[in-house]
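Here chain A shows up in two complexes: once beside chain B, once beside chain C.
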Partner chain A sequence: MIERLLNIDRRIVYLAVFFAVCIPLLIGFELPIKATPNVRAVYDSIESLSGNPDAVVLISFDYGPSSQPELQPMALAILRHCFSRNIRVVGVTLITEAVGLAMQAFETAGEEYGRVNGTDYAFLGFKAGGPILILNMGQDLHGAFPEDIRGVATSEMPITRNLRSLKDFDYVIDLAAGFPGVDEWIAYGQERYRFPLGAGCTAVMAPDFFPFLQSRQLDGLIGGLAGAAEYEALVGKRGMAVSGMRPQSVAHMVIIGFILLGNVVYFLHRSAVRKGPAA
Partner chain B sequence: MNRENIAFPVFILLFAVVNGYLLAAGDLQASWSGFGIILAAGITLALYSFLYRDNPLFKLAEHLYVGVVAAYELALVWYQSILVDVVNPLFRPPADVGVRWLVLVPACLGLFLMTRFFGRGVWLSRISFAFFVGLGAGLAIPRRVASFIIEQIEPTISPFSQASADFGWAVLNPAIILIGVVSVLIYFYFSVEHKGVVGGISRVGIYFLMVSFGASFGYTVMARISLLIGRVDFLLEDWLHLNPPLF
Partner chain C sequence: MYFLQRTLPLLVAFVAGVIGIFTYYVPVAQPVEITTSTWYRIIAAFALFLGIHSLLQMHWRRIRRNQAGWAFSAVVYIGFIVTIALAVYNNGKGPLQPLAPGDGLDLNWMYTHVHVAGGATMFSLLAFFIASAAYRTFRARSAEAVVLLVAALLVMLGRVPIGALISEHLPEVSQWLMATPNLAARRGILLGVSLGAIATALRIIFGIERSYLGEEGQ
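Our next item is the complex of A and B:
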C-alpha cells in the first residue's frame, strides 16, 4: 500500500486538482474576504481622489492573456472604482499582448458607468521601449504618445490635453506580469518623477515587491487573484475574482492534503525500511 | 492499438460531438464569435492534454500560439510604433510641424540591426549594439543602484533610530528584517570559511532563505491555480454555457 502511494500516478494528482477547481465553481458558497492593508492602501489612495474633478489616474496594463485570470479582474475592479468616483483614467501598455485586454476592460467598465472615451478615459495603446518609454513619458507625455489607440491626437483630447508628464497624474498603478513591469516603474518612473505608485501583480511576483512597500516606493500592492478578490470586495462589486476564491481555497486544501500525505507516506516508508533489515 | 493511442482520436470525436450539440442547441452561435469560442476551447484542452502525455494536439496548439503571437506583435508594433513614430513624422508630417529628420537616426540604428541577416554589412549592426549597450548601462546602473540598493538600505536601518524612544513590539519586524538581511548577506559571502560564528550566522541566513523560498512557492501555487480557474471558468461558462454556480 505504501509503495503504491509513493509511486502514485501524477495524473491522479492533476485530476484531483481539476475537480477541486471545477466543483467549487459549479457550487456556490460564500467565503469571507477581508482586505489586507496592502490592498486597502491602493483603494484608499484612489478613494482620496474622489471629489477632485481634475484627478487623473494612470494605469499601465503590462500583462498578457497568460496572466489574464489574475490581472484582468484587478483592472476591472480598479476601473469600476475610479469611474464610480468620477475619477478619470488614462491607460497605457508597455507590452503588445495587453492591448486587447486593456481595451476590453475600458469598454466594459466604461459602458457600466456611462463614461466617454476621450473625456472620462483614454487608452493610449502600446509603445516599444519599456523603461525608456517610462522616462519619455516623464519628460513629454504627448511626445511619447502623440495619438491614442484610435488615432486621436493626445494634445487635443480633453482628458490628456493638460497632461504633460507623469508628474501630472494624481496616482499611477502598474498591473504587471513580468518585464517591463513594477521594477521598471519604480526605477525609471517613481524614483525619478516622484509620483505616488501602486501596483498589482501576479501572485508569483508578489513576494519580490514587499520590500518596496516598506521603503514606501510602492504605497500599495494587489497580489494575485486573492488581492483582486479583496479589491472587488472593497469596491462592492463582486466579480470573477471573488467567485474564483472558492475553487482557489478548495484547490489549496487539496494540494496541502497531498503534501501532508506525501510526507506521511515518506516517513512511514523510511521507518519501514529501517525496521526491515533488523527484522 | 493500445489504450493511449485510442485516447486522442476519442477526445477529438468527443469534442466534435459536444460542439455539434452546443451549436444545435443554440448555446453557441454559428458565427465567427462562436467559432472563436470553439477554437479557444479546443486549444485550451489541447494544451492541458500535455498533462496526460506529450501528443500531436499539444504540439499543434503550441506552434499555433507561437505563430499567432509573432504575427499579432508584428502588426501592433507596425501600427502603434513604426507607423506613428517613424513613417508619419517622415512622410506624413503635420503641416505646422514639418518633416522631423531627427527620426532618421533611431530609424537607421534599428535598420542596422537587420544587417545581421546579411554577411557583408554585418559590421553596421555593431554600431546599433554599441549604442544600445551604452545607453542601457548608462540609464540602468544609476537608476537601479538608487532604487534597489540605496532606497532599500534606509528603511532597513531607520526604524531602529525611530523606535529608540519606545523600544517594544514596534521594533520586532525591523529587527527580523535586519537579522535576515545581514545573515543572508553573510551566507553569500564566500571569502571567509563558514565556521564558528560566521557559520552560525550563515545557517540563520539559510533558514531565512528557506522561508523566503517557501513563501515564493506558496504564491506560485496560488498563481498557477488562478490560471487554471480562469481557463476552467471559460470552459464552463463561455463554451459549455453552464453559467456557474449551478447550485
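Our next item is the complex of A and C:
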C-alpha cells in the first residue's frame, strides 16, 4: 500500500488538479481579498495623480501570451484605474509578442471609459533593442518612437507632443515576465532618469524584486494573479483576476495536500525500511 | 585570417566596452551614447534576421534527415510561412503599412486564436507538472529541507485569499518571509552575480576571456 502511494500514478495527481481548477470555476463563492502593502503602493501612486489634468502614466507591456493569464488582468485593472481618474496612458513594449495583448488591453479599457486613442491614450508599439531602447526613450522619446502603432507621428499626437523623455512621465509601470523587464527598467531607466517606477510581474518572479522595494528603486509591486486580484479589488471593478482566485486557492490547497501526503508516505516508507532488516 | 578571426573581434570588443563605460560615467560624452545606443538597436534588429535564419536552417536539417520529431519542424515551417504571408498581405494594405484591422483570417486572428491560446495552454500545464513534482520530490529529508518546506507552505497559503480564511496572520507571515529572509538572501545573490558580471565584462573588454570567439579563456 505504502509502495503504491509512494509511486502514485501521476494521472491521479493531474485529475485532482483538473477538478481543483474546474469545480471552483463552475461554483461561485466569495473569498476575502485584502491588498498587500506592495500592491497598495502602486494603487496609491496612481491615485495621487488623479485631479492632475496633465498627468501621464507610461506602461511597458513586457510579457507574451505564455504569461498573459497573470499579467493581462493586471494591465486591464491598471488601465481601468487610470481611465476612471482621467489619467492619460502611453504604452510601449520591449518584446514583439506583447503588441497584440497591449492593443487588446487598450481597446477594451478605452471602450469601457470612452477614451480616445491619441488623446487619452496611445500605444507606441515595439522597437528592437531591449534595454537600450529604455536608454533611448530617456534620451529622446520622439526619436525612439517616431510614430505610434497606427503610424501617427508622436510629435503631433496631443498626448505625446510634450513628452520628450522618460523624465516627463508622472509614473512608469513595467509589466514583465522575463528579459527585458523590471531589472532593465531599474538599471537603464529609473536609475538614470529618476522617475517613480512600479512593477507587475508573474508570481514566480516577485521574490526577486523585494530588494528593489526596500531600496525604493521600485515604489510598488504587483505579483502574479493574486496581486492582480488585489488591484481589481482596490479599483472596485472585479474581473478575471478575482474570479481566478477561486481555482487558484483550491489548487494551492490540493498541492499542499499532495505535499503533506507525500511526506507522510515517505516517513512511513522510511520507518518500514529501517524496521525491515532488524525483523 | 588571424587578424579577422582574433585581433579584429578583440579590438571591436575593447573599443565598444571602453566607449560604453566612458559614456555612462562621463557626462560630456552623452551625445556619443545617443549615437552608439542607436547603432546597438540597429544591430539588434539585424540579429533578428540571424535568429530566423538559424531557426529555419536547424528545422530544415531535421526535416531533410527525417529525424525523430521532424513533423514538429514541419509545423514550424507552416506556422512561419502562414504568419509571414498574413503579415505581408496585411488585409490588402501591404507590408509597409501599419497593422490593418480585419475580422477574418488575418494576423490578429492568428495571434489571438493560435499564439495567445497556445501560450496560455503551455503556461497552464505547469500547474499539473508542479503538483506531480511537488508530491514526488518535496520531502522533509533534512533540517534545511524542513525549513524550506514550512516556508513554502506558509507562502503558498498566505498568497491566496483562502489563507486569510484559515488564519488572518497567514498573509502577514507570508509577507514577512518575502520581505525579510527572502530579501536578505536575494540581495546577497544579486551582489555576487553583479560582481561576477563586472569581472566577466572586464575580462572580455581586455581580451582575457575569449570563449565567445570559440577558444578557451586563458
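Following the convention adopted for this analysis, the second predicted complex is superposed on the first by the 279 of 279 C-alpha atoms of A that agree within 3 Å, B and C clash if a C-alpha of one lies under 4 Å from a C-alpha of the other, contacts with A are read in each partner's own complex, and residues count from 1 in each chain.
Operating definition for what follows: a residue touches a chain if its C-beta (ideal position, glycine included) is under 8 Å from a C-beta of that chain, and two chains touch if they have at least 3 such contacts.
Computed from a predicted model, the values in this text were never measured in an experiment.
> In the superposed arrangement, does A:126 touch chain B (first), chain C (second), both or neither?
After superposing on A, A:126 lies in contact with chain B but is clear of chain C.
> Taking the superposition as given, does A:8 touch the first partner, chain B, the second, chain C, both, or neither?
Once the two structures are laid over each other on A, A:8 reaches chain C alone.
> Identify the partner contact of A:41: answer first if only chain B is touched, second if only chain C is, both if each is, neither if none is.
After superposition on chain A, A:41 lies in contact with neither partner.
> Name the contact category of A:268: first (chain B only), second (chain C only), both, or neither.
After superposing on A, A:268 lies clear of both chain B and chain C.
> Go through the superposed model and pick first if A:16 touches only chain B, second if only chain C, both, or neither.
Only chain C is touched by A:16; chain B is not.
> Jot down the residues of chain A that show up as touching in both complexes, chain B in one and chain C in the other.
Overlap of chain B and chain C footprints on chain A: residues 14, 17-18, 21, 66-69, 97, 99, 127-128, 132, 135, 149, 203, 206-207, 211, 214, 223-224, 226, 248, 251-252, 255.
> For the complex, which residues does chain C have touching chain A?
Listed in rising order, the residues are 30, 33-34, 37-38, 40-41, 44-45, 48, 97-99, 108, 111-112, 115-120, 122-124, 127-128, 130-132, 134-136, 138-140, 149, 152-153, 156-157, 159-165, 171, 175, 178-179, 182-183, 186-187, 190.
> Contact residues on chain B for chain A in the complex?
51-52, 69, 72-73, 76-77, 80-81, 84-85, 135, 139-140, 143-144, 146-148, 151-152, 154-155, 177, 212, 215-216, 219-223, 225-233, 236, 242, 244-247
> If you look only at chain A, which of its residues touch chain B in the complex?
Listed in rising order, the residues are 11, 14, 17-18, 21-22, 25-28, 66-70, 96-97, 99, 125-128, 131-132, 135, 146-147, 149, 183, 186-188, 191-192, 202-204, 206-207, 211, 214-217, 223-226, 240, 243-244, 247-248, 251-252, 255.
> If we count contacts the way the header does, which residues on chain A are in touch with chain C in the complex?
Per the touch definition, chain A meets chain C at residues 8, 10, 13-14, 16-18, 21, 31-34, 36-37, 64-69, 97, 99-101, 104, 127-130, 132-133, 135-136, 139-140, 149-151, 203, 206-208, 210-211, 213-214, 223-224, 226, 229, 245, 248-256, 258-259, 261-263, 266-267.
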